[in-house]
Every structure is written in structure tokens, then in C-alpha cells.
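Each of the next two complexes has chain A plus one other chain: chain B in the first, chain C in the second.
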Partner chain A sequence: MAIVILRRAGMAIPTLLGVTLMIWMLLSILPGDPLVGLLAPDATQADRDRLAHEMGLDRPLPVRYVAWLGETLTGDLGFSPFRQREVVELIQNAWRNTAILAGASAVFGLTVGMLLGTLAGVHRGTPIDRVVTGSAIVGLSVPSFWIAILLLIVFSAQLKWLPAGGIGQLSEGIVPFLKHLIMPVLAGSLTTIAITARVTRASVVETFQSEFVDLLRAKGLREWQVLLHVGKNAISPVLTTSGLQVGYLLGGSVLIETIFSWPGLGQLVFNAIAQRDLAVVQATTLVIAVTFVLLNLAVDLLQATFDPRIKRTA
Partner chain B sequence: MAVFAGRRPRTLPAEAPTLEAAERDTPLLQVRDLVTQFPTRNGWLTAVNEVSYDLHAGKVLGILGESGSGKSAMLRTILGLQPRSARISGEVVLNGRDLISMSARERSEIRGSWVSMVFQDPMTALDPVFTVEQQLVETIRRHSEMSRSEAVERALELLTLVQIPSPETRLKAYPFELSGGMRQRVVIAMALVSNPSLLLADEPTTALDVTVQARVLDLFRDLKDRLGMGVIFVTHDLSVAAEIADEIAVMYAGRIVEKGTVAEIVRSPRHPYTRGLIEANVRPGQSERPEAIKGSPPNLAALPPGCSFAPRCPVAEERCWERIPDLTATASTGATGSTHLVRCVQASSVLEPDRRN
Partner chain C sequence: MTSAAPTFTGTAAEAWRERDVPARPESYLQAARRRFMQNRVGLAALGVLGMLVLSAILAPWLTTHDPTVGVPAERLLPIGSAGHVLGTDEQGRDMLTRLLYGGRLSLIAGLVPVLIATSIGTTLGAVAGYLGGWVAAVIMRTMDMFYAFPTVLLAIAVSASLGPGLKNVIIAMTIVYIAPIARVAEAATRKVVVAEFIEAARLTGASTVRILFTQVLANIFSPIFVYASGLVGLSIVIAASLSFLGLGVAPPAAEWGFMLNALRGTIYVNPWVAALPGLFIFAVSISFNMLADAIRDALDVKG
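What follows is the complex of A and B.
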């Protein structure tokens, strides 16, 4: 097992380096002048050169990349001139808030998705299966922001059961904290539920057709015991998509966070792009990408614990 | 008769007829008019068609036929593994109890304890993500009151019984770490967990190398003699059937077309299909190519009105196309009392027994 961990972790390092290079290049080479927003409208070319020099923008690209990478590795993500704060500080809070939302959405979405998918797979071809499969298609087709707005109208504006936005602090008690979570989680995890249900169903159906299932039944095992065997065999593709799903929840939450005024990475990067706040955009993208790579590393390792063939042949 | 509800002890209860002298003449298994049908878009497809036979304890019945002849479907019907959509009728009486009329619950109690099955392909028959030990122990504990450690002990015993070298190591192995022959032995061990009185073997040697095949066949013979079970051994290979079986039933298009002792089937086959099967084998000293049966296996959904083999039969005549012949005793029924049955209108007239030695 230790070998598997080392191998997979070793594979993650070049991926991460590539990610940093891509992110840095995209934002450094893309057209658009980061200085425009900072300079006064009547600034002279001399003012401009001075600011560029201060920010290190006059140096050659490779030098700038290495310098940036070095700073990043030491935990210095730069300074946001627009907000007059260290980027690390901004990211820390936003990352925590996003992690709460994405984590809750992932746990909820993956659990419900797997349960529904298994239910449909076990009862393949029955009305249960058709209802689940049909709902999954609807869940995939309906945009999450539309659901979010619908939820807001019903539960916040009409029924006044749930707060319309913002994040609840745990210090104020668990109930308001959860109340703030419910709608963003429901709206955000809809796609996850739908995709996970579909993948789970397909995998369960396929596994049920394996010959070893016949042998399990021939041995006289009870149906729930058979289902345990099928589950452990069917989980691999579900785990693979789960890693991607959680990544999507982390990075793709811009809309949900904006609608529910959730102070997370999505909102941060949304505002930073509008302001051409290069340091924040770079750092946020980087944090999301790194989290994504690490999550999928974790998924790979989790898969190895479910499938001995990965563990012993690696 | 024993009530099957609840857990059963490891060994068969005393009332199991294999042990009682008074009941020695009662067959272990009586199959009567067994029919298995599957729904298709064009109506019901009959995979097993009015199959009847007896099997005594300690005997091996070989079922011979090509793929699609209904031999595997028949085993699955006996075991109760057919999908719920299948239509099944007839009787399968094992140890005096009819399995077909049993509830699904009772049948799952009997599966793995009174009747077990060995599958064709050991590469796919075992669950790839559980160890041999886990898969054996769960089976043992399903059919007994044993504790975990007792069950592990029993698992070791079983691996030794099926002659797996260094069983302690194999117990901890995953199926992918074992060779094909080794896996098949594990599957056999799993089938023997509760000393079943009936073992169903679905082409258990077909997927193995020839040398491994011979050793697994030896194991089957040895186990049958030692444990005294009745075995139904399905194969498409005449030489395998001749080697292991006491009696052979030849199946074609879901029906038994000929049944007799190994000697009767091999030396004096009466049905044109059986003769075709034998012609298709290479005999020692034969120089010319063996002759294959013309045509291809029948479409079960569109069988001719008469004899199913008529379209491929070299001696078919008009009456063969009219009605399905009965399975009747041949004139040459041996002195041993065993009945040589054949389903062919020409068996006694046109086809003279072909004495081959």
C-alpha cells in the first residue's frame, strides 16, 4: 500500500507543476493590462513604468514565473492592490467557506446519488428504475441557478423558512448554520445527485450481470449479502466520477455562491476577474486546481483500498 | 422430512436418504417433465423441454450437448437461479422434496447446502475483490452455526480436500493471484462446504488447460467416491462425459434425445445426432478428418413441428417432420436393467446398432 501511495503522490507532483505553469501563463500572456485599473487616468508613461517595475512586470516571463512559483511555494500568494490585503488572507476565509459548502454538497449529493442509483440498479426495468432514471435526466438538464432562484422564491420569499443568503457562523449555533446551508446545498448538489445516480445505476447493473453473482446465489447467500459483494465491485467508477464531482463543486460554485451571497472562492474569483485583480485570480485558480488534484489523488488511493488488484499489482 | 427453515448443521441431517438403507433404491433426484421457458419478443422460448430423469446417490449423470441445447439452463432451473420472468413447470424432487414448488426463501436455504454448483469459467466465477478466505467463510457460516475461527478452520480443511498446495497461503489470496486450475478448485471447495448430496457441474473443465482438465476430472471422481454425492456433469465433450459419467443423456434443442449407460451411448448410439457427435470426435488411429454434423444448432424460438434434429438429420424422412417422437426404450436394453432410451422413429428400424469396439 505504501508503494501505491508513493507512486500516486509522485505522479501528482508533475501534474501540480503543470497546473501552476498553465495558470501563470494564461494570466500573464492573456491580453489586457493589469496596470490600467491601478493607474490614475492622467498617469504618465513614467508613472506606468515605475508601477510596472514595482510589481516586477518588467522582467522576462521565465524569471517572473520562477519568482512567482518560489513565492507561492513559501505561502506568499501576493498582495491584492484593490482590497489592500494579503491574498493568502482573502483565500483562507473564502476557501474555508467554499469547503464547507462543497463538502456538504458532496456528502449529500454523493450519498443520495449512490442510494438512488443502487435502488434503480437493483430494481432494473421496474417503475422505480424509470422514476430514478427519468428524474436524473431532469436533474441534469435543469440549470442549478434556476433551481436556486426557485428555492429562494419558495422557501425564502414566500414561506420565509430559510435565510435568502449569507453564511451562518457556527458560534451562533448549529441551527442557523444549517439553515443557511440547506438551499445552496440542494441547488448545488442537484447535478452531483443526477450524475452519481446514473453512474451508480450503470455500474450496479453491469456488476449484477457478472458470473460471480450467480455463484454467490448458488452458495445460498442472502440477497443483502449478494448486494454487499455487488456494491464493493461496483464502486470503482462511482469513486472516479466522485472525485471529478467534488472538483466541480469546488470550482463551479461561482453561480451558487453569487446567488446565495456565500463568501467563498467562487464569489472571490468572480469579483477579482471583474476587477482584473490578477494576484487573486491566479491564487484562487491555483488553490482550486491544487485541491482538485489532491482530491483525485485521495480518490485513487481510496480505490486501491476497494480493489486489491490495484494494490498488489502496482 | 426435514424442515428447511433456520440454520442447518454442517452435515446433512440423519433423514437424508443417502444414508438410509431402506431408501437406497429411491433416487436422490427425480426430475419429471421439467420445462423452462423465457419470454421473448416473439413469445415464449422453450430452453428446457419436458426433461425427465433419475439420479442415484454416488452416481454421475453426464449431460451432453452443444451450446444452446438447454443443458446449462436445466442446471440453473434445478438450482433456482432462473430469472423471475422465466416460466418453469414440472418437478425436481431432491431428497423427497420438490424444489420447484418451494418458496424462494426455502430454496436459498437449500442452495449451497443440499445442492451446489460448479461453474464453467473459474476466471469469472469468483468475486475479484474478496479473498478466498472471505468467500469460503461467508458460505460456511451461511449454512452452519460456526464461529469465525471454526469457519476458517473448516475453510482450510476444504482447501486441503480439493488438493490445493499450501492452503494457508491460498486462503489469504485474492482470486487474481491464483491460476485457473487453482481457482476452479476453490470454486469446487465452495460447493462442498455443506457436503451437498447433489453437485451440479456446468462444464467445469471446459475453460481449463488440457493437463489441468485431467487433474480436475480426477478430483471430481475422487470427491464423488469419498463424499457419495450425486453429480450432474454437463459438458459438450464426449470424451470427458465418457470418462466421468455412469450414464449419459444427450440433449438437443432442450430435449433429451438419447439416454443410456456410457457403453450404450459410445458403442451403440441410436440417435442420428448422437452418432454425429461421435463421428465428430477423433478416434485413435484415425487418419481422415472427423466428420462434423452438418448445419448449425436450431433456433429455439422457431423449431420445426416434428423432430428438432430433422433439418440436419442425414436419414430424415417425411414422418420425422410430422410429430416429435417419444423417448422410448430400444430393443437392446441391457441385462443390467439400465434402459437405453432414444427419441427417434427410426431407432429400431433403419438404424442398426453400430457395434464399435
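What follows is the complex of A and C.
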């Protein structure tokens, strides 16, 4: 098992380097003047050159990448000239809030998706299956930001049941906290529910066609016992997709957090885009992408423990 | 049949004429077309899309209002108002007019990246799959890097780095889609390369480029077409998302994602009008997804 962990973790290192390289390229090579906003409008060419030299912009690109990587690895994600704050500080505060929202959406979305998918898979070909499969394609197509606005219209503007935005502090009690969480979680997790349900259904249907299911039935096991065996064998693709889903939730948080004024990474990115504060956009992208890679690594390892077949091939 | 042809009568001749063997076996594309024409959901989706695309193209002739200039006195009229069937927006512009015009940019922003990325991704994937070796390693490992990002986030990051504007949104989305298409093309090519007709083409002295274009491309078309058509529904939503975030068109242009964001502040005054642009995005996206499912079934591609 230790070998499996080491090998998988080793495979993540080139990916992580690739991520840093891509983010750095966005930061350094794409058009756009990195000195904009840092210089006074009446700055001379000499001022520009001096600042470029101070920031190391006159060095060759590979040297700049290695230097930047070193800074990033030591936790220096840059400075936001617009907010006059270290980007790390901004991200730290926002990170916790995004983790709450994405975590809650993931738990809710994956649970509901797996339940619906199993339900449809077990009752394949019945009206239940058709309703679930049909709803899944709706869930896949519907833009999360539109659902967010529809929820706001119904539950906030019309019924006035739920707050339109912001985050509830746990110190103020669990009820306001949950009230703030309901709509962002519902809007954000709809796609997760749809994709998870589809993957789960396909996997359950496929597993039910295996010969071991006939054997279990022939041995006289009850249907719910058979389902337990099927579930254990069908979980692998669902786990794979769940890692991806959490990543998509983090990516989609830009839209959901913006609409519900949720003070997380997504809202930080949105505001930074409006202010052309690229340091923040790129640092946040880096943090989310690294989380995404590590998350998929964790899912990989989890799969290896669940499924002995993977352990052997790894 | 000409009058000079001999005529045969009798039951044996009848049976021979009505025999159940078609003159020529149905080709792959004919079979696909027949299967598609039998798929009611797919045809309905195609019909909805045809109407939406047509109404976007014909917007100037179908509408009577100016899409960019509003009447301040007629701001925020609800759905069903006289003269404004779908109401007006926060600047007193007719919603129906803006929704029809908005379809132009929304559809372009959703479709064009898929088209460009499909041609680039197919080329990269086919070259990698055909040549193999270090060329494939370089191409495919580069593509793998893109998989380390959640799709929407990568599109947002690239688009934000390039700066706002519809052109940059299209470039950003194209970059994001190349990797998955290249993967599909590479996998399909690797299956084709081992076929004997490729070997035969090589023996006749055909160049690599010629083989790629005449032999490989025709045989990897189906899986790529199915994947790309499935991507369009998502692409429409991502394009609208980027516009929603202010990365796409600049005011006063009409675009669905942008309109949805602009109307966000009016949900307490004129709620259902604010929801309309999203309904159009959803209608296009779900129609494309259903069409893609029908195409997949018709072309008989798994996945």
C-alpha cells in the first residue's frame, strides 16, 4: 500500500509543476503590461526600467519562472497593488468560506446524486429510471447562475424566506448559518447531482450484469444484500467523478459566490477581474488548481483502498 | 422500366420483385441518418435550435425596437405589457428584441470555440496518435496539463489574463477545449492506425499528411463529432458565464449572460423579466445536449 501511495504521489508532481508553469505563463507571457497600476501616470522610461529591474522583469524567462516558483513554494503569492495587501492574506480569509460552501455542496450533491443514480440503476427501464435520467440531462444543461437567480426570485424576492446573500456566522446560531447556505448549495450542486446520478446509474447497471450477481442470487441472498455487493463494486467510477465534481464546484464558485455575495475565493476572483487585479486572479487559480490535483490524488488513493483490483495494477 | 422490357407474371415473379433484399446495402451514413430521423427527441431539439438560430439571424426583421437604445419612461415593464410582450429591461429596452439580438453573440461565443478547438485538437490528436513516440509524448503530456484545472476556472483565468472582450472569450474557450478533443482524437487514431487499409496506403507510397487527411480523418470523424457536439451545450453555458462575469461583450451590446447579470439587481422590482435571458441559455444548452445524444445514438458511438 505504501508503494501505491508513493507512486501515485510521485505522478502528481509533474502535474503540479505543469500547473505552476501554466499559471506563470498566464502571468508573464500573455499580453498586458505587468507594470500597469504600479507606476504613476507621469512615470518616465527610466522609472519603468528601474521598477522592471526591481521586479526582475528584465531577466530571461526560465530564470523568472524558477524564481517565481521558489517564491510560490515558500508561500509568497504576490502583492495586490489594488488592495495594498499580500495576496496570501486575501486568499487565507476567503479560502475557509469557499471550503464551507464547496464542501457542503459536494456532500449534498454527491449524496443526492448517488442515491438517485442507484435508484435509477436498480429500477432500470422503469418510469423511475426515465424520470431520473431525464432530470439529469436538465441538470446538466441548466446554467447554475440562472438557477441561482431563480432561487433568489422565488425564495428571497417573492416569499422572503431566505436571505439574498452573505454568509452567516456560526456564533450567531446554526439556523441563520444554514439559511445563508441553502440557496448557494442548491444552485451550485445541481450539476454535481446530475453528473453523479448519471455515472452512478451507468456503473450500477453495468455491475448488475456481472456474473457474480447471478451467483449471489443463486446462493439465495436477499436483494438488499445483493445491492450491497453491487454497490461496493460499482463505487469506483463514482469516486473518480466525485474528485472532478469537487473541482468543478470550486471553479463554479466564482459564479455562485458572486451572486450570493459569499465572501470566498470565487467572489475574490470576480472582484479582481473587475479591477484588473491579475495577481489575485492568478494566485486564486493556482490555489484552486493545486487543490484540484491533490483532491484527485486523494480520490485515487481512496480508490486503491476500496478496490483491490486497482492496488494490484498500480 | 421501358416498355420494351419483357414482363414476367405469376406468383414466383411477384415474390421475386417484392423480395426483401435491398438493391444496395445501406451505407453507414445512410443508417445513421435513418436512425436520427427516427429519434423524436433529437428532431424536436433540432427544431427548437433551428427556430432560435433563425430568429437570431433574422432579429432585425422580426423586431420593431432598437436593441441598444431604450425609452427611460418605459423602464422595467413586466411580461405581457402592451407593445413589449416580454417586458423591458432596466434601461427601458424591449426584452424580446434584446433576447433575439442577444442570441447572435451568445450562439457565436458558444459555437465558434468548439469549431476552432475541434480542428486544432483533431490535428494534434491525429498527429500524436499516428506518429506515436516522442511526438505523441510531448503533445499529449502538454494536453494533460490542462486537465489539472476545472474547466470554467481555466476559461475564466485565461480570459481575465487576455482582458475583456468577446474575441478574448472565444480564444480562452478555444484553448480550454483543445485538450479534451485532442485526447478523443488521439485515442480514436490509435485504434485506426493498426488497420490494414492504413498499411495498404503506406505501401502505395502515400505521404503521412495524405494518409492522415484521406484515411485517418474519415475514420476518426464519428467519435470526434459526437464528443464535439456534446461539448456545445456546455460551451454555450460557459460563454454565458464569462459574459455574466463581465469578461465578454461591453455594454450596450445584447448577450444573454451579460443581460442576466445586468438584470440581477431588478429581481425585486421586475422578477420574471430578469429570469428570461437564463431561460434562453437553458433552452439552447438543453437542445444541444439532446441533439448530441441523438447524434451519438445515430452514429452508434459508445460513451
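In this text, the second predicted complex is superposed on the first by the 309 of 314 C-alpha atoms of A that agree within 3 Å, B and C clash if a C-alpha of one lies under 4 Å from a C-alpha of the other, contacts with A are read in each partner's own complex, and residues count from 1 in each chain.
In this section, a contact is a pair of C-beta atoms (placed from the backbone, for glycine too) under 8 Å apart; a residue touches a chain by one contact, two chains touch by 3 or more.
As the structure is a computational prediction, the values presented were derived from the model and not from experiment.
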item	value
Room on chain A for both chain B and chain C (clash or fit)	fit
First, second, both or neither for A:V138, with chain B first and chain C second	second
Which of chain B and chain C A:T258 touches, first, second, both or neither	second
Which of chain B and chain C A:D307 touches, first, second, both or neither	first
Which of chain B and chain C A:E211 touches, first, second, both or neither	first
Partner chain in contact with A:H229 - chain B first, chain C second, else both or neither	first
Contacts of A:L26 with chain B and chain C, given as first, second, both or neither	second
Contacts of A:F292 with chain B and chain C, given as first, second, both or neither	second
Between chain B and chain C, more extensive residue contact with chain A	C
Centroid geometry (CA): angle chain B/chain A/chain C, rounded to a multiple of 10 degrees	80
Nearest-approach distance, in Å, of chain C Cα atoms to those of chain B in the combined model	17
In the complex, chain C residues that touch chain A	141, 144-146, 148-154, 156-158, 160-163, 233, 237, 240-241, 244-247, 257, 260, 264, 267-268, 271-272, 274-275, 278-279, 281-282, 285-286, 288-290, 293
Residues of chain B defined as touching chain A within the complex	76, 79, 81, 108-113, 116-117, 119, 121, 124-131, 138-139, 142-143, 174, 176-177, 187, 190-191, 193
Contact footprint of chain C on chain A as seen in their complex	14-16, 18-19, 21-23, 26-27, 30-32, 137-138, 140-143, 145-146, 149-150, 152-153, 156-158, 247-248, 250-252, 254-255, 258-259, 269-270, 272-274, 276, 278, 281-282, 285, 288-289, 292-293
Residues of chain A defined as touching chain B within the complex	210-212, 214-222, 225, 229, 232-233, 306-309, 312
